[in-house]
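First comes the structure, then the notes that go with it.
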Amino acid sequence: MPAHGNHTPHGYIQRKDEYLRRLRRIEGQVRGLQRMVEEEEYCIDILTQVSATTKALQSVSLGLLEEHLSHCVVDAARTGGQQADEKIQEASDAIARLVRS
Amino acid sequence: MPAHGNHTPHGYIQRKDEYLRRLRRIEGQVRGLQRMVEEEEYCIDILTQVSATTKALQSVSLGLLEEHLSHCVVDAARTGGQQADEKIQEASDAIARLVRS
Amino acid sequence: MPAHGNHTPHGYIQRKDEYLRRLRRIEGQVRGLQRMVEEEEYCIDILTQVSATTKALQSVSLGLLEEHLSHCVVDAARTGGQQADEKIQEASDAIARLVRS
Amino acid sequence: MPAHGNHTPHGYIQRKDEYLRRLRRIEGQVRGLQRMVEEEEYCIDILTQVSATTKALQSVSLGLLEEHLSHCVVDAARTGGQQADEKIQEASDAIARLVRS
């Protein structure tokens, strides 16, 4: 199981199947959007579905982030030193991207 | 070509192929996320791709919304009365969902 | 009453007092944040208040946007031509900034 | 200096003056918005300033969050056990509020 550097496996792997199921559902939602455009449905109805798809993606992000904090960041914190600082910076940058997307 | 009520076809239909191409690319991005989870890639790398996918969806929304304003809302404004008020309310609600997603 | 170009007064002016009251409340929220930092309160409690302040600002934006659509954009739509196109583009750019902020 | 439970002072306190200065500037921005509404300025110009104010608040949040992760969460991680879990949950909830505001 690939891990990042000398690091225990990533937190989300315990719920890997659930993440895969959620991502497959999101894939289905995006195909549904294609069908709506194909069938020239009303713009507002398509926009409503896009917002629902964005929310589903957002909740996948928040789940992954929580697992990352609980495992990768906590492990690095215990190791301390530069590794902890890097992990915190990395997590903070990911949070900033999430907030701004 | 189905239209919404007694209304000219929706604005986005002129760029239908472009929207379909963008949505198929987003579908590919979501399948890419599944692969990253399947191959147990690093959480932060997955989060970076989720943010990119969310941004792509967001720009599809903004495009659809602009077309909706330029066509459906402008048509209704010219018709005036209750139809114009309903279209404005509908567009404002869609904008609120977009802002809050 | 200053209007933008040869244009009827802006829509929000009918609810001017309400917007001023909401903005003064937001000003109070920001001063409250200063007090929390001054008194070195717990980070998470401050973050909770920042989110509440951001939501209050967001709802002011959505209100102003709805009034702008109902008045300025509808007026321009009835005038038609380049003025309508410019107003739609302007409103779409404002919506994009709001979505991305 | 009040601390949260048996916990070292909060991370942001090292940059307390900077946070106070930023929050005072945001207070000034909100008063500026009041002036724009008072003087019945154009809706789009007000919306532009609201987006700028929201971005300034957002960057205060991201700063506080990074300090919280670097200090409070890292400290709790070293302590381990329930305290670490609570801190992670608390930080994750704050991130979710930030993402959804």
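As written, the chains take the letters A, B, C and D, and residue 1 is the first residue of each chain.
One rule holds in what follows: a residue touches a chain if its C-beta (ideal position, glycine included) is under 8 Å from a C-beta of that chain, and two chains touch if they have at least 3 such contacts.
Note that the structure is a prediction, hence the values are computed from the model and not measured.
Please pick, from A-D, A-B or C-D, the pair whose interface repeats that of B-C, with more than half of the contact pairs identical by residue number.
A-D
Where the CA atoms of subunit C average out and where those of subunit D average out, how many Å apart are those spots?
20
When the C-alpha atoms of subunit A and subunit C are each averaged to a single point, how far apart are the two points in Å?
Centres of subunit A and subunit C (C-alpha means) sit 30 Å apart.
Provide the list of subunit D residues touching at least two other chains, using ranges where the numbers run on.
In subunit D, residues 58, 61, 65, 91, 98, 100 touch at least two other chains, as defined above.
Which label fits the chain touch graph of this model best, line, ring, star, complete or other?
ring
If two chains touch, include that pair; go through all of them.
In this structure, the chains touch in these pairs: A-B, A-D, B-C, C-D.
Contact residues on subunit B for subunit C in the complex?
Spelled out, the residues of subunit B in touch with subunit C are 58, 61-62, 65-66, 69-70, 73-74, 77-78, 80, 84-85, 88-89, 91-92, 95-96, 98-100.
Going by the contact rule at the top, pick out the subunit A residues touching subunit B in the complex.
1-2, 4, 9-13, 16, 19-20, 23-24, 26-27, 30-31, 33-34, 37-44, 46-48, 50-55, 57-58, 60-61, 64-65, 67-68, 72, 90-91, 94, 97-98, 101
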